[in-house]
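Each chain carries a letter (A, B, C and D) given by its place in the written order, and its residues are counted from 1.
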Amino acid sequence: MTTHSIFGRALNTALPAILLLGLVLSACGGAAPAEGTLRVAFQPLVQTDPATISSDTEVFVANAVYDYLVDVDPDSNVVPRLATEWDINDDGLTYTFPLAEGVSFHDGSALTAEDVVWTFDRLRDPDNGYPTADLYANITGIEATGELEVTFTLDQTNPFFLYDLSDNHALVMSSDTEDPSDFNGTGPFVVESYSPEDRILLTANDDYFVDGQPQLATVEVIFFSDENAMVDALRGGQVDLVMRMSTPLFESLQGVDGITTYNIPTGGFDLVRLRADREPGNDPRVIQAMKLATDRAAILELVQQGYGAVGNDSPIGPIFDAYHDDGVQAPERDVEAARALLAEAGYEDGLDLTIHVPNSGGRPDLAAVLQDQWADAGINLEISVEPEEVYYGENGWLEVDLGITGWGARPYPQLYLDTMLVSGAVWNESHFSDEEFDALAALAGSTLDDQERIDAYSQIQQLLAERGPVIIPYHFPQFAAIRDGFTGFQLEAFAGRTDVHTIGTE
Amino acid sequence: MARYILRRLAFLALTLVLTSLLIFVITQLLPGDVCRVILGREVGEAASQACRAELRLDDPALVRYGDWLSGFLRGDMGLSYSTDAEIGPLVAERLGNSLMLAGFTLAIAVPLATGLGALAALNEGKWLDNLISVFSLAVVGLPEFVTGIVLIELLAFRVGLPANSSIRPGTGFFEALPSLILPALTATLVLLAYIARLTRAGVLEELKQPYVRTAALKGLPRWVVILRHVLRNALAPTITVVAISFGWLISGLVVIENVFNYPGLGRLMVFAISRRDLPLLQGVAMVTVLAFALANLGADLLYAALNPRIRVGE
Amino acid sequence: MAVPLLQLKDLSVAYRSRRGALRAVRDLSLEIAKGQTYGLVGESGSGKTTLALAVLNYLGKDGYIESGQVLFEGADMAALDEAGLRALWQGGMAHVPQNPFTALNPSMRIGEQVAEAIALNSEIDAPEIETRVLDLLAQVRLPDPARVARAYPHEISGGQQQRVIIAIALGRQPSLLVLDEPTTALDVTTEAVVLDLLRELVRDRDTAALYVSHNLGVVAGLTDRVAVLYASELVEDAPTKELYRQPLHPYTRGLLDSVPRLGQRKDVKPLQGIEGQIPSLTDLPSGCLFAPRCPLAIDQCWEERPPLDHPTPDRRVRCHRWPEILAGEVDAGRDAVEPIQVEDYQPETILTVEQLDVQYPIQRSLADVLAGEPARYVQVVDQLDLRIRSRETLGVVGESGSGKSSLARALIGLVAAEGGEVELLGVQLPARLDARSTETLAHLQMVFQNPEEALNPYLTIAESLRRPLRNLRGMSYAEAQAMVPQLLESVRLPAEYARRLPGQLSGGEKQRVAIARAFATHPDLLLADEPVSALDVSVQANILNLLAELQNEHDTAMLFIAHDIAVVGYLADRIAVMYLGQLMQQGPAEIIFDPPYHPYTEALLSAVPPPDPFVKQEHIRLSGEVPSAADPPSGCPFHTRCPRFLGDICVEQEPPWRETQDGKAIYCHIPIEELQAAQSPVLRFNGEGD
Amino acid sequence: MTTTTNPDLASESAAPVRGQRWLVSLRALLRNPAHTAGLIIFILFLLIAIFGPMLAPYGVNEQIVEDARQAPSAAHWFGTDRLGRDVFSRVLLGARDIFSLAGLGTLVAVLVGTSLGLLSGYRGGLFDELLMRFFDSLLSLPALLLALLLLGTLGPSRQSVLLVIIVVYIPIVARVVRSVVLSVKTRGYIEAARVQGESSARILFREILPAVLPALAVEAALRFSYAIFLASSLGFLGVGVQPPSPDWGLMVKEARDNVSQTPWALWFPAGAISILVIAVNLLADGLKTLFRVED
C-alpha cells in the first residue's frame, strides 16, 4: 500500500512545437491483446454530447470514447493525441496541426481534417450557446489545409491556446454526426452498452490508432449516487477504482489490504464570495472584516482534515508554482480588527447574513465552520443548504449576496480570472469590477512574455488578498483509490481526465 | 369474477390518472430549470433555449400532460429528458430487479416473521414469547440506514458477502442472489417486527375464538388444532399486510437501494426527481402504482381463497 | 347404588385476574346419573358457564380448580394428563356451546369439521367416514346432508349451524352432553325444533346432559332435575316439577315471578321483579349472598351464610328461612307491585301508517360482486298499514328478520322509508329524521334495544339526560341540570347517578336512564324496540313495569316491539304479529292467545317453552327456514312454511284480511270459521290460578 | 389452549368517575413495566427537547479545533465529531428537532386528518368518495417517494420536512378515523343522539370524537414513530433538514463518512433514534392495551 503524492511541477507554458511526444507513444509498439476488466465507480452519467458534458463521469467516458486534438498529461504538459505535432507562426496567431494517419471512427469512417473543423466550428458558434463559445471567441478561422492537416487562426495572441484546444469539451466528432450522443468517437474504447442511471460498459477499440492501447479489454463504469457506497464497494471488491470520495472516506482506506490510495494537489478550491455590487459587500471594510474573521488553518484542519493547501484568496494556487506568489498571504485572523472594521462600516451591532451553500462536498461543513468563526466577529450567518441542481440550475449562485461555490481544477489559472473575476465575466458571481484587476488579467492572458505574466499574476494575488470580494480558504486535493492488480494509473487533477487507456492489468 | 377484476382495474385506471396528474402538478412546481439541470451550469442561454424547444417545455402544461397521457395510453412512455433513453425498457429492467429483491425479501421475511409471531402467541407470556417480543422491539427501533451500515460492516467486510449490489442489467435471479442477500436482509428486518407482531396478535385473537374450543373438545391433538384451525384463519390478515409491504418493497426501498447501490425502481425514481426528469418520474410512478395495485388485488383474491366468507365466484 | 356418571365434590373454580383470584364457582356439589338431564339455571354472573367448562376441564389459561373435585365415572379429572383428557373429550363428554356461528371454524367445510370428530377414535376409512358424517347430519334432521357437508358455516342458517354442532357432539357418542345455552341465539320457532331434537336424542341414546340456561321455560320442559345458581353458589336443587311447584329459595321464587307467562297481563297479575342486581364477584356480601335483594331477609341473613340444607332427601336449599317458606308461613312473592291500571283510552288515532315500505340495499358480498350481481334490495317492511291510538300500547311481535325493528326505525326516521305515509298527530312526517322539526322529535321518542349501546360511554348520565331537555324543550343549561334528579327519580335511580358514566351502571340501570331520557320530552308516542331483551330476567320485569307506569303517568302511547310473545302480551293493549315485513294478525291483546289464530301465530305460541312443567302445549313445528327478504315468496309470505297450507291459492294470491267479531284481524286465505274449527287453544294451563 | 374471555366475569367493570379517568388510565398503563419504560423514556426525551439548550454543555455548532475527532471522555461524553463539535450536546439539542418535526408534523397531521376523517366518515356521499380517491392516489406511492417528490418541489428545509410529514400522514390518519367513525356512527347512542335532535357538529365532536380518541392515540403514537424514521431517513438521504442542524438522521449521514474515525458520532444519534422509536412503540402498545384498540 502506497500513497503517491505528486507535488506540482513547473507548468511550462513556453513549450511550443518543439515537443515531439509522438515518439514516446509510438515507441510502445508491439500490440499485445487487450485483457482484463476495470470497474470504476462514478456519479451517474447524464450528458453524452461532448459539447455539454461537465461532470467527472461524463468527461471520463468521453475521454475514453473520443480523442482530443491535443492532450494534457498529469504534469500539465501539452502532448499530441490526434494531432501528431503542431506548428506555431512567429506572430503566435496561426497554429497548424498535422493529424495522425489511419484513424477511424467507431462506425468505420476515416478521420479527416474536415471532422476537426466541424467539431471546433460547432463548439465556437455563439448561436449554439455551448460553454466553449467564449473560450474560442478569439479564433478567427479554422481550415482544413490538407486531408490530414488543420490550421487555426487567432485574433490575439494566447499563450494558453494549446490548453484551450484540450478543453474538456473539445473531443473530435465526425462531421457526419446526426445525433451528438451516439458515442461515435475515434477513442480507445467503444460503448458496448449504456444503461442510464446504472452503468456504461466500454470495450477495447481493437482498431485504435495508438499501438499498445488500450490495454484493458473492458471498462465498466458503475454509477453510484453515494460516495459511501462507492467506497464500500471498493472495500468489498465489487469495484476497482474510485476517484471521488470525502476526506474521511479517504482516511478510512488507509491501511486497507489490496487497495492503493492516491492524493494529489489540485488548483480546485471552494470559493466564499460576497457580492461586491451592493450592500454590504460594496463596502471594502466588510470584505476585509470577513477575511480577518476567518481562520484558514482551522478550516483546513476541520473541513479538509489537513489535506490540501491553505489558500490566499486567489485562484492562482500553489499548484501553479510558476505563478503562485508565496509572499502573498491572506490576512491573519484578527477578530478585534474585524469587529472594528465592521463597526466603522456601520455594523457595530453585528451583521446578519444568509450564506447559500450547494449540498455537495465539504461545502456545508465549510459553512458550518464559518458560522462558528465569524460569529466571534459579530457576523451572524444563517446557513441555507440547497441541492446542487437547484443552486446552479436556477442561477441562484450568480444572484445571492453571500455564497459558496466549488471551482474544479483547471490546467492554467487564467481561466479562473477570465470567467470568474473580470468585469462582466460570464460567471462573475461576486460581481467584482476593478479596472486595475481587469488590466492585469488582460495583460497576463495575452502576453507571450513569461516574466511579464508572472509579475501580473503576482500583483493580481496581492490585489485579491487585499480587496477581492472572495475568500479561498483552501485548495482541495484529488483523491483516488484503486485495487491492486492494475498498472499505468495516472490520476489527473480533474479526475475525469484520467486516462483509462493507459491502465492495464498486472 | 371477471367483472370484479374489471371493476378493480377501472379503479386502478382512475388511481393511475389521478396519481399521474398529481405528479405532473407537483413537478410543474419543481424549481430548477430542467435544461439547466441537464446541461449543467456552464451552458449559455442559446443552448438552454434549444433544449427547451426540443423538450417542448414551453408548451402549455395541459397540452404536455395531454401528450404524455395519450402516449402512455398507447403504451409509449416517451423518452427520458435527462438521458434521452427510452423509458419503457429502462423501467421494465428496473422493475425486474425490484421484483427480484422484493420476492427474495418476502421469501425470507414472511415465513420467518409469521413463524416467530405464531411461536410467540402459542407461548404467550412465557420466556420464548418475551424473547421474541424483545427481539422484534429492538428491530422496530432500527432505521434501515443503520441496519444497512451494520450489516455491511459485519457480513460484507468480515464474512465476505457483497457489500455492493449493483448487478448488471439482465442478471438472472440465481446469479444475482449473493448480491440480494444484504439488501433483502435489511428490508426483512424492517418488515420482521411488523409482520411478527401482527401474526402474534392474529393467532392470539383466533385462539380466543369459540371454534378453537370446539376443535379442542373434539379431542384433537394440540398441533392439529393449531395448524388446521388456528393458523389458517390467523394468517389471513397477514396477507393484506404483505401486499402493502410489497408496494413498499417495489419502490420504497430508496434508502436501502442507496446504501447498497441496488439498481431498483426507488433509486431510479430518486434520480428522476433530482434531474427533474418528468417523463421518467411518471414512468416509474405508474409502474409503482400498478405493481402496488396488482399486489393488492392478488392479496384480495388470495384472502378470499383463504376466507370462504368472501369466497370468489361460487 | 352405582357410581354417578358425573360427580362434583365441593368444587370451587377461580380465575386469575389483576385483582387476585376471582371465585366464579364456590363449594358446589352435584351428581348426574347416567341418562339424567340436569338443568342448571342462573342469570349472567352466576357462574353457570364456568361450571360447564370446569366439568369439561377446559377452563382456559386463567381458570383453575381451586378446591374440590370433578369425578367422571368415578375418576378424578384433575389427575388426567393431556392424552387422558383428550381421550375423555373424544368419547366421554361433549360440549354444545351457546353461539353456533362462532363455534364453527369459518374457513372449513362442515363435512370436514364433523369428520374430525369421528375419525379420531375409530379406525375407519375415508368413504366410511363420509357415510358416517352424512348419517350424523341426517340424524340431526338437516335437510340435504350432502349439501350441508360441502357448505361453509356462513352458508347455512343459525339453526342449522347449531344442529351441526350437535352432530359433532353426537359423533363421539358421549355419555354426557354439556349444553351451554344451546338455543339462546336462536329464534323461538327454531329453538323449539332444536329442543325437540335434543329431547329425542337424550331420550333415545340414554345420554346424560347438563343443560345450562337462563331460560326457566326451556329447563322446565327438558330436565329431570334443576339446580339454581346465584352469584357462584348453588342456592337450590330439586326435581324439576317440585322446584316449579314450590320453590323454597326466595331467589328461585323471584325468578319464576319475573317471567311473564303466556296470557299474563300487567293489569291483572303484574310481574314481581327482584330488586337490585347480582353482586360483583369481587364484592360479595358476607352473609347470604342474596340477602341484599331478598324480600324475606332478616338480620341473620346479613350476618350468617346459610348452609345447604336438605328439606327433603331429594332437595337442597341454601336459605335460613326455608322451613317457614315450606310451611307457607312466609311468602317470598312480593306484594309491592300493584296491578297496573289501564284507563280507557280515548279512541282518537295519533299515528297513522299507510303503505309503509322500507328497503335496505343488500351489502353485496365479495362473491356477489365477483359474480356481477346487480345491486339488490331487501324489502324489510312491505306495504304496511298501522294505527296507534292515543295512550294505547301496540305490541309488535315477530322473529328476527320480520322487519319489526325496521318498522320502528322507519317511524323515527333513522331509516328513510322508500314509500308510504306516516302521520303523527295529524301532521305528515318527513321520511328522514334530519328533516323533522324539533317539535316532532319531542313528540316521538324511542328506547333502543341494547342498553350497552344506548348511552354514550363517554358522557355522564347528567349530560345524556340534559340533551333532550336542551334540544327539544328549549331549556337553559341550569334548567336542564335542575331537572336531572327528577328524571332519575322517575326511573327509581338515586340522584347521585347523575355524575356517573354509563360504564359504572348495570345493564338494567342503563336502560332506566335511556327510558328517563326518552320520557324527558313528554312524548306522545314512544317507540320501544326490544327494550328488555338484553336484560336478565330478574331485571326485565321491573323495567317492563316501569315502562307501563311512566306511560300512564305521561299519557303516552307506545309501540312496543319484542320477539317474546309473552312479554308483548303482558304489556300491550293490542298486538300485531309480523312476518317477513308484513302483518299476519292484529287485534286486542286479551284474545291473542285464543283461537282462531293465524297459522303463524299458532306456531309461535306453540314454540314458546312455558316456564311451567305442568302446562300442556300443542305441538306445532315450522319446517324450513325463513325465506330471504331479498326474494320474498309470492302470494302469502308464510306459505313456504305454513302447516295449514291450502294449495296454489296461497302461492298465487295475497290473502285477504279477515276479521272476527271481537276485533281480531287475520291475514289468511282460510276463512275465520274454518280456522276456529280446526284450532284448539295452544296452551292449557293445569296449575294456573295460585 | 386459551379462553381469556370468561362470560361469567363480563359484568365486572367499575369505570371511575370522570376526571379521575385519566389518572386511572395512567395507573393502568403503569401496571406493565415495558409500557412504563416507554412512557418514562418518552417523557425524558420530551424534557430533553424542552430543556436541551439548558442542559447541553456546548453549543450546537460550537467547534473546538483541538478537540476534533475525540473519543468519548469526561469532557465530551459522546466524543466529538469531525468538526470538533460535542456529540452529546448535539444529540441533546437534536431532540428538539425531532419533536418539532416528527412531533409537530404528526400532531398537525392528526388534527387535520381527524377532521377530514370525521367529516368524510359521517357525511359520506360524494365528498367522502372524492376525498378517498384522492387519498388512494396519494397512498399509492410509498411515503418516502412522495416525500422526496414534495421535497424536490419545496426545497430541502425544516419547513418542507414538516409539511411533508403532514401531507404524507393526513390520508393515513383520516382513513383510520374514518373507519372508526363508520363503525361508531351506527351505534345506538349516536342514533339516540339524533333522535334527541343533536346537531351534526355536536354529534361529530361530542359523541363520535371521544370514541375515536383511543384508536387515534394509538395511531398518533405509531405515526410519530414512523415520522421519526421518515424525518431521519430524509436527513440521511440529504434532502431533509440541512447542516449544521443536529438532526439525528443527518448526524448519522454526516458521521457515516467518518465511521472508521469517529464511530461514536454515528452510534449515539443512531441509538437516540432507536431508543425513542422503541419507547414510542412501547407507548403505542400500552395505549393499545389500555384502550383495547385492535390492530
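Here is the rule we go by: a contact is a pair of C-beta atoms (placed from the backbone, for glycine too) under 8 Å apart; a residue touches a chain by one contact, two chains touch by 3 or more.
Given the structure is predicted, the values throughout are model-derived calculations rather than measurements.
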Open item on the list: Quick check on the contact graph: shortest path length from chain A to chain C, in steps?
Closed with: 2
Task: Common touching chains of chain C and chain B - done: D
Open item on the list: Can you check which chain pair, B-D or A-D, has more C-beta pairs in contact?
Closed with: B-D
Open item on the list: Based on mean C-alpha positions, I'd like to know which chain lies farthest from chain B.
Closed with: C
- [ ] Express in whole angstrom the distance between the two chain centres, defined as the mean CA positions of chain B and chain D.
- [x] 23
TODO: Please compute the C-alpha centroid of chain C, do the same for chain D, then give the distance between them in whole Å.
DONE: 47
Open item on the list: For chain A versus chain B, what separation do you get between their C-alpha means, in angstrom?
Closed with: 41
Open item on the list: Which positions in chain A are in touch with at least two other chains?
Closed with: 228, 387, 390
TODO: Provide the list of chain D residues touching at least two other chains, using ranges where the numbers run on.
DONE: 1-4, 155, 256, 259
Open item on the list: Quick check on chain B: which residues sit in contact with 2+ other chains?
Closed with: 31, 124, 213, 216, 222, 258, 270, 274, 276
Task: Every chain pair in contact, whichever chains are involved - done: A-B, A-D, B-C, B-D, C-D
- [ ] Write out the stretch or stretches of chain D touching chain A in their complex.
- [x] 61-63, 65, 68, 82-84, 155-157, 238-239, 242-244, 256-261
Task: Sites on chain A touched by chain D in the complex - done: 227-228, 246, 248-249, 251-252, 298, 301-303, 305, 359, 364-365, 367-369, 371-372, 383-387, 390
Task: Residue ranges of chain C in contact with chain D within the complex - done: 15, 17-18, 22, 24, 44-50, 53, 58-63, 278, 280-282, 412, 414, 433-434, 438, 441-442, 445-446, 448-450, 453-460, 467-468, 471-472, 499-501, 503-504, 506-507, 514, 517, 521
Open item on the list: Help me check something: in the complex, which residues belonging to chain B touch chain C?
Closed with: 1-4, 7, 124, 209-211, 213-222, 228-229, 232-233, 236, 300, 304, 306-314
- [ ] Spell out the part of chain D that touches chain B in their complex, as residue ranges.
- [x] 1-5, 133-134, 136-138, 140-145, 148-150, 152-153, 155, 225, 229, 232-233, 236-237, 249, 252-253, 256, 259, 266, 270, 273-278, 281-282, 294-295
